[in-house]
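Structures for review follow.
Both complexes below contain subunit A, partnered by subunit B and then by subunit C.
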Partner chain A sequence: MPEWLLKDENYVPQGDKDTFINKSILSLLGVLSRIRAQGGYKTDRLAVNPTLKVGFTVLLVVLLSISRSFAFVIFINVYLLAALCLLKGEEILKILKTSFAVAAFTFIILLPSVFWGNYYSICMITPKVFATVTAVNMLSHSTKWNAITGAVKSFFVPDIFILVLDITIKYIFLLGEFSLNMLYSLKLRSVGKNGDKYTSLSGVAGTMFIKSKEMAEDMYSAMECRGFTGEYRRYQKIKFTFADFLYIMIHMAIIFVFIYLERA
Partner chain B sequence: MIDLKDVSYSYSGIKALSHIDLHISKGEAVVLMGPNGSGKSTLLKIINGIAVPDSGVYRFNGEEITQKKLQDTKFSKLFHQKIGFVFQNSEVQLFCPDVFDEIAFGPRQMGMSETQVQQRVDDCLELLSIQDLKHRQPYHLSGGEKRKVAIACVLALNPEVLTLDEPMNGLDPRTQRWLVEFLVRLNRAGKTLISSMHNLEMVQEISRRAVLFDENHTIVADCPTRDLLEDMDLLKKVNLVDEYYHKHDGSGHSHFHIHSSPFHED
Partner chain C sequence: MHIPDNYLSPSTCAVVGAAMVPVWAVAVNKVKKEITKAKMPLLGVGAAFSFLIMMFNVPLPGGTTGHAVGGTLLAILLGPWSACISLTIALLLQALLFGDGGILAFGANAFNMAFVLPFVGYFIYKFIKDRVKSEKGEYLGIALGSYFGINAAALLAAIEFGIQPLLFKNAAGQPLYCPYPLSVSIPAMVIPHLLVAGFVEVLFTVAIVAFIKRVSPGILYEGAKQKTRPLYGLIAALICLSPLGLLATGTAWGEWGSDEIAQVVSGGKALGFTPQGMKNGFSFESLIPDYAVKGLPDVAGYILSAVAGAAVLILLFKIIGSVKKNKTENISG
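Our next item is the complex of A and B:
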């Protein structure tokens, strides 16, 4: 054993800024915990077939964007807020925060048009943006990602495209965990003044690149070993419940209201 | 030295540690045992200041470790110098262009002269018998070599406490044997060792004290390793022993079995 290892280190560290590492760790933790939370999520209040949810959310967004009726836009906003009440309090808060933030941003951007006498844009576009963001967020909060990717199969999206989506989500998580541990390690080993922070960070990025290449190669080999020939089939179990029926009825009513108000 | 009182931790609402009380004195060697997902790695993260307890108190050398204190860079850097962490996956610890720079990363930050750094790196390379890897790129090394380089990087900081997360994972039997002997030498040299493990093969050789976790993320035993290995009922309860079918003198039978342990139960 070398002599220095037998003694306690008499070390007084110099101050140094680790803001970049700390912020990167926090943002990665945020992304990973969101993906984890998605994995553990169980819909019990908006337990509707994901295919219907995806289909009608897209339809709702399309109807909102082509509508010229202020009454319809307000009607949809009221409907979405009522549907939002079915989710958990924590989720309602998250969804509304995003919706209000995006709507407020739109409002500020459109504000100059008011001074030129154009009230129509600000009155129509702001609630349309609010409703669109709310609808999409409700879909993402009440449906697992793999259920969403699976649901797009019903819209004639090629299976191979769904496979690529699934793999992308999986690898965002795996590489995210790996990079998080690398940043932890960099933080634990940064015990003094690092004058060359960017070199260390580029080392982390380089290792990440090698790791992702290795993982891609491993997956390619594994898929070949499992007999993958370029064809991928996503199987779906179709169940139709009373909640699905109710969901369809509500959206049929929305389509009816849209036609009625647009004609008026 | 390390003192945890009623510490609990959870990941996004999923419980990882529940009401942990643990005291580790300077110079001790402690092995954390338990099945997968029982909270061993989380406890090591808390001890290293990567995670902060949701409730309870963690003290290191009498000083409470809190998020606020860890945000103070001087305190945080001194704390991380005193506790070294070898990750379960050694790959995440290696980000420099070659092994020399990797080991020199810590000493250079500690403000040592280049001669001292050179000396320290050479000592570490010799200690871990990896002199021939000095100019190799870390990502081209084998699993065992990566683990040795990761240990060398941590040792170069001369920490008072060395924590290792599943250090035997993925190593061949010869490297495992080497690592056991190396850890025993380090402990004899005065280093405090905390290592997590879930196979019982070499626990007895590394430490005299074992802390056992169960699937409820609590400590169910904190006792001499030998006593724990004799408590077959408890080991069965936490899924650390399994039943093997094998033959003795031509007749086949199965029984619970601890690897390399003399204790069998038929």
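Our next item is the complex of A and C:
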């Protein structure tokens, strides 16, 4: 038995700061888990045709931004709160958290204008921002992403945009997993104080870039092999349900209220 | 029955508010322990019921208006402690968002309507139900409980109004806050409630309990089937009917604005002055004052307020329910 094996070792690794790696890992995990959770979304709540949802959400945002009537803004906010009641508690919490955070930020940004006597913008823009963020978040929380890309197709968006959007959403997930693994390995291999940790980050980014290029090429050829010509077609029967009808009626009412309140 | 700001002296508000603090503490504890996460949204539905019922103003003898509260209803559906929480939140929303009931007087309003009302109503209901064991007995309990519950609350509000001129006067002997002594306030508050508002409360309570018994008995009895969809339907119906509350035009007794009070006639003569404490008292600008949105017709504003109130209350308790769920998961996992 060699002598060095019998000797007691007491190597204590030097402390190192891991906060930045930990933070990157956490934020990556946050994005990934959101995308993964999308797979589990049930569509039985707000089961409205996604095309209608996307279309009317855009319309709502446009109406909100051009409206000059405070009553209309309040009306839309009340409508959105009532619609929010149909979602689950966790989703409501997530949506409202974002909305309140953004509205509070807007409020603070606009606060100086109040000191100069301009109450109009703070009274109008804060609730408008609140309503817009709530509407868009409700769309994203109650609709799967592939349903949204499908809906975009119905609005005559060129196929190349849909291709890019589709691949991006899928690849955010895949590349996220890769970079997560690279960050983990960087963390595991840095025993003690590792001064090169920050320089390794450019390595992570570079590898990601090469990887994404390879994967994109591979996928595109695989798609071509399976007969993809760059054209998207929808094979979906359009079913017109009672929920769709209700949804259209509500938005007709909103447009009517908008015209009624803005004509003055 | 919503006491506005400046009708009670700040010291009265502080005393009654302080009395409410231990009640709230016990109620929060009880609700945390006893209400499951699945039942939490029901508290929101209850609060929304009460909020909407309070929007149905009825004309009362003497040219004033009043409304039912639905406190006993919530106590029967959810238990008195949960009813206390639901009613408190509904009252808070009314004070902050709609300017109905004062901010300083919030403690007093909560004491009358969120504590005394559901507890008196619930114990009368329980007392009768335990002694008369039949369906009729139960409905008798519901009717008497809700009738005496709301009248107890009205009596307390009248006493709070009535002691003001005895306790707080300026140098000239004019009352600083509410100008009416007990001899005026008690008959003015209690008689209309005994004659009309009490029966409206009974009507709402019995009708809604009967409705829930038929469509979703699981809310009242453990193990029976429970459906929440009809409840939301009922809320929608109440919202659509809420503009009926606008038909009663007068101001409720003790809820005049500081510009109105000098003209109020009582016992054949107008008051003729505005009490000092009201002229330059605390004032608070709510988002949708008196349930009216500027630029919208009254009816539309009223419906919008009803939707907003009900939605906020349901959302709030749904969120509380979801947060509660996470907590129990952490403990078990």
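As a convention for this text, the second predicted complex is superposed on the first by the 244 of 264 C-alpha atoms of A that agree within 3 Å, B and C clash if a C-alpha of one lies under 4 Å from a C-alpha of the other, contacts with A are read in each partner's own complex, and residues count from 1 in each chain.
Convention: a residue touches a chain if its C-beta (ideal position, glycine included) is under 8 Å from a C-beta of that chain, and two chains touch if they have at least 3 such contacts.
For clarity, every value in this text was computed on a predicted model and none was experimentally measured.
By the touch criterion stated above, A:G192 is placed in contact with subunit B alone, subunit C being left untouched.
Touch criterion met: A:I74 reaches subunit C, while subunit B stays clear of it.
Once the two complexes are overlaid on the shared chain, A:G203 sits against subunit B while remaining clear of subunit C. With both structures placed on the common chain, the touch criterion links A:L93 to subunit C but leaves subunit B unconnected. In the superposition on chain A, A:L261 makes contact with subunit C only, while subunit B stays out of contact range. Within the superposed three-chain arrangement, the count of touched residues of subunit A is higher for B, of the candidates subunit B and subunit C. With both structures placed on the common chain, the touch criterion links A:C85 to subunit C but leaves subunit B unconnected. Subunit A makes touch with subunit C in their complex at residues 69-71, 74-75, 77-79, 81-82, 84-85, 88-90, 92-93, 96, 261, 264. Against subunit A, in their complex, subunit B makes its touches with residues 11-14, 48, 50, 73-74, 76-78, 80-82, 84-85, 87, 89, 91-97, 105-106, 108-111, 120, 123, 127, 139, 153-155, 157-160, 185-186, 189-191.
Interface of subunit A with subunit B (complex): residues 1-2, 4-9, 11-18, 33, 36-37, 40, 178, 181-182, 184-194, 200, 203-204, 206-207, 210-211. Those residues of subunit C whose C-beta lies close enough to touch subunit A in the complex are 41, 232, 288, 293-296, 304, 307-308, 310-312, 314-315, 318-319, 321-323, 325.
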